[in-house]
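Structures are listed in the sections that come next.
Below are two complexes that have subunit A in common, paired first with subunit B and then with subunit C.
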Partner chain A sequence: MASIDIKGVKKVYSGTVTAIHNLDLSIPDGQLVVLVGPSGCGKSTLLRMIAGLESITDGTIAIDGAVVNAKEPAERDIAMVFQNYALYPHMTVRGNLEYGLKNRGTPRDEIDRRVAEAARILEIEPFLDRRPRQLSGGQRQRVAMGRAIVRQPKAFLFDEPLSNLDAKLRGQMRIEIKRLQRNLATTSVYVTHDQLEAMTLADQLVVMNGGRIEQVGAPISIYERPETLFVAGFIGSPPMNLMPMDGALGAQAFASLDLPSGTDVVGIRPDSLVVSQPQTPSASFSGTVELVEPVGGESHVHMRLAGSSDIMIISVPGRTEIVEGAPMTVYAKAGDLHPFNHQTGKRTDTPAANP
Partner chain B sequence: MQAKRTVFPNKILPYFLLLPQLAVTLIFFIWPALQAVKSSFEREDPFGFRTTFVWFENYRRLFIDPLYLSSVGKTAIFAFSVTLLSMSLSLILAVAVNRVLRTNRLYTTLLVWPYAVAPVVVGILWWFMFNPNIGIAPYLLRGLGISWNHRVDGVDAMILVIIAASWKQISYNFLFFVAGLQSVPNSLIEAAAIDGAGPFKRFWTIVFPLLAPTTFFLLIVNINYAMFDTFGIIDATTQGGPAQATNTLVYKVYSDGFIGLNIGSSSAQSVVLMIIVIALTAIQFRYVERRIQY
Partner chain C sequence: MIENRPFLAFLTHLVLIVGVVVVAFPVYLAFIASTHGSGDFMRGLVPLLPGPHMIENYSYMFNVGLSTAGAPPLSIMLLNSLVMAISIAVGKIIISILSAYAIVYFKFPFRLLAFWTIFITLMLPVEVRIIPTFKVVSDLGMLNSYPGLIIPLIASATATFLFRQFFLTVPDELMEAARVDGAGPLKFFRDILLPLSRTNIAALFVILFIYGWVQYLWPLLVTTDSKYYTVVMGIKRLAATADAEPQWNFVMAAVMLAMLPPVLVVILMQRLFVKGLVETEK
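Let's turn to the complex of A and B:
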């Protein structure tokens, strides 16, 4: 168990391609931190640098207070769960679990005790003498996690561990990983491109883009108050509506509202849009319903704004009476608007201005 | 819907299309093989006037002939050494190339060249380098105080043919090992690195076991090669000598039959070799194709 401190870390490939720019991040002891971002944002590179599988061009990474830049992966006392599980195909499940302990010269009875315990926790006892190829995807996933937990490392690193599973199993394993991490209270870094996985798992969510950190915080606070346009568009499903304020539409919709200066894009969550006009000051949008997607508990209405080619997505609870092709007007409370400047990509309302 | 199949309405056409391959196989493989089996049961008088059917007499004599039994021993030493030497060297080369992935195309191309060299040329090449009168190797060895003369020293002669035969086979093994190494997923190596295994341990506990199918395949191929395909190399370097020191089974077939003109014994020897080839091939198909798969 340990904290991980990343200071001014940079990764440059073959002298020209910068994958990570001067990144600072500190991961507190015992927390589950999720790195999320689109592919190519540097999240996997960062994880592999923590693991010692990639060299660090500049800056320092410290695990438990000790700088590990020059240490081999084996000396960093971390365990990693790979996307393709990376189980040793020629060993049994037991052999896979024991391998790391044997390499470290753990006494035999201690190995047996830890393997038995991990097998019990992950419910893989019946498969201990099988080979990985005789297991299903979900079972392999458990073995991969077992291989990490028997080591009792300072930190777990997860590299998109659920992306090879089907949707149902993914949801199930997500809950198990969270429960396991809670029980063991081992510092964990988890990389994913799936924002739902990121939201549900994270104690701390780190949104990355283009080799930089966009925002760090608790998942809900990031959802409620995205600091940048990128985060606003990336976190949340269906994604936030980002309405440009230039042109006729912006002027009329937001005219009555006192938006901070410099605002030229306004973000509105699909679930903040309502069909009945609220008492408080609000923006209103009119258009035609183009498509209704019922997803079960709620429906997503795609509305084409009058006099523009922009589509707005509105999330309405339950099955809706709204029919495709009908005219529609929706409202958003002033407090539910997220004002941005597209030049800087940042929010325009500073915390002081918006209590 | 079934997969589309071409159906020949003409019954004779398929056989006609197969004919060239069948003809080659029959004329150059089956027929000589049957001839060998037939003459292995016969004895011919010294002037070639009369052949008598002698049942297993040729075989019986073969297995009590000390020269033949010594040739079996030489062949075993030769095949074992060539297989070990060429496989271990090519594995080292393949691992080295696999580490420097960026430049490996050049290395791979260069390392494959020896395979394209004809066996006789390989023999001449090494014969020249080790020539006791003018060769560079004996000259250098003399500087180290080692006297080299494969014309009189049987051990020297054996070392020479082993080196020549191994050198030629390294390319072939190397190609298969490189392909095998490339198919070991990188994440396995990384997982082992995180699991606390150093480079050597990673190689012996992860990479080498995963190469087992390749290694086993090459083992059979190399034994086959050393036992049967090295005729040209031996003929160009030592011609089985000195004093039978490098007279392997396949070379003995040639020297007894074509030099010694003992057709019956030579045929019996080639039938024995045929049986060994069939056995090795059977092992290869039975185990390589099925057993070792991950």
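Let's turn to the complex of A and C:
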């Protein structure tokens, strides 16, 4: 158990390509931090640098207060779960779990005790003497996690561990990982490109883009108050509607509202758009319904704005009476608007102005 | 293809049977010849059934040999061949698996150059470089010795290349997982890469053993002392006796014994061999 401190870390590949720019991040002890971002944003590179599988071009990474830049992965006392599990195919499940402990010279009875305990926690006892290829994807995933648990490391590193599983199993394993992490209270870094996974798992969410950190915070606060246009568009499904203000339509819709100066893009979550006009000041949009996607608990309505080619997505609860091709008007409360400036890519309001 | 045409079935079987007979008949004839007395094959009519002298012929060749043809007993030649073939196969596998490991898993200056240098030697088999190689071996005083028989044949670009290709198919994460698990380079090689290469090693062993066993030109050049004759070159000597009819019964007994070890190796390692060629265990 330990905190991880990343200071001014940089990664440059072959002298020219910069994958990570001067990144600072501190991961508190016992927390599950999720790195999320589109592919190529440097999240896996950062994780591999923490693991010691990738060299650090500049800056320092410290685990439990000690700088580990020059240490081998094995000396950093971390355990990693890989996307393709990376189980040793010629060893039994037991052999896989034991291997790291044996290399460390752990006494035999201690190894047996830990393996038995991990197998019990992960419910892989019946497979202990099988080979990885005789297991299903979900079982292999458990074994990969078991290999991390038995080591009792200072930190767990997860590199997109669920992306090879089918949707149902992924949801199940997500819950198990969270429960496991809660029980063991081991500092964990989790990399994923799936924002649902990121939202549900994280104590701290780190949104990355182009080798930089866009925003760090609790998942809900990031959802409610994205600091940059990138985060606004990336977090949330269906994605936030980002309406440019320079069009005739935008100016008209937001004219009555007092938006901060410099605002030229307004973001509205699909679920904060309502069909009945609220009492408080609001912006209104009308257009025709182009497509209705019923998802079960809610429906996503795609509305083409009148006099424009822009599509707005509205999320309405339950099954809706709205039919395709019908005219429609929706409202958004002033407090639910997210004002941005597209040049700086940042929010234009201050937290106090938008309670 | 599902077809029911009796004539076609008949024809395909006929072709197959003819093919088998064409290949197998000479071997059968050799076996028959090795069981008859010395004069039986000179009478013009070739016998097609085993004769009564089998044990006698074989034990004579195995223990005494044809000293008139300048050949030692077969037991010595078989032993020489065995030493040579096994040393070549084992040596080639050890050298090439280590060099492939270095090329694939380590970054060092001129790595690519090293790989291509090894690869280019594919163009230079023993037969092409035989004179300079002979000169070197003779200058080193290795004529008429096991090292002289073995060392010039022991480097193998083919095997290095095969191991390299296999290592490239092993996922990088396996190496990374091993590093996180505290396995250094040698440990990773021994605990993970070597067991994974098991079937490949077996397949290569079969191929390389036979390669070493059938070497003819090189042993012919570097051995003048009959103590170091290998069986494949020895047979030639047995057949080419001056001023006399070859004693076919003895020659054929030698041929049969020379054929045996490669056949045994293939049969015993067949399961692993096929596995190694067909599937990669992952």
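The criterion applied here is as follows: the second predicted complex is superposed on the first by the 353 of 355 C-alpha atoms of A that agree within 3 Å, B and C clash if a C-alpha of one lies under 4 Å from a C-alpha of the other, contacts with A are read in each partner's own complex, and residues count from 1 in each chain.
One rule holds for everything that comes next: contacts are C-beta pairs under 8 Å (C-beta built on N, C-alpha and C of every residue); 3 or more make two chains touch, one makes a residue touch a chain.
Computed from a prediction, not measured in an experiment: that's the story for all the values here.
Enquirer: Give one word, clash or fit, describing how subunit B and subunit C relate on subunit A after superposing.
Expert: clash
Enquirer: Would you sort A:R104 into first (subunit B), second (subunit C), both or neither based on which partner it touches?
Expert: both
Enquirer: Scan A:L242 for contacts with subunit B and subunit C and give back first, second, both or neither.
Expert: After superposition on chain A, A:L242 lies in contact with neither partner.
Enquirer: Is A:R133 touching anything from subunit B or subunit C once the two structures are fitted on A? First, second, both or neither.
Expert: Both partners, subunit B and subunit C.
Enquirer: If you stack the two complexes on chain A, which partner ends up touching A:I322: first (subunit B), second (subunit C), both, or neither?
Expert: A:I322 contacts neither subunit B nor subunit C.
Enquirer: Which residues would you name on subunit A as touching subunit B in one complex and subunit C in the other?
Expert: 51-53, 72-74, 78-80, 82-84, 86, 88-90, 99-100, 103-104, 133, 147
Enquirer: Provide the residue numbers of subunit C that touch subunit A in the complex, in ascending order.
Expert: It comes out as residues 171, 173-174, 176-183, 187, 191-192, 195-196, 198, 281-282.
Enquirer: Tell me, which parts of subunit A touch subunit B in their complex?
Expert: 51-53, 72-74, 78-80, 82-84, 86, 88-90, 99-100, 103-104, 131, 133, 147, 151
Enquirer: If we count contacts the way the header does, which residues on subunit A are in touch with subunit C in the complex?
Expert: Touching subunit C from subunit A are residues 51-53, 72-74, 78-80, 82-90, 99-100, 103-104, 133, 147.
Enquirer: Which of the residues in subunit B come into contact with subunit A in the complex?
Expert: The touching residues are 185, 187-188, 190-198, 201, 205-206, 209-210, 212, 294.
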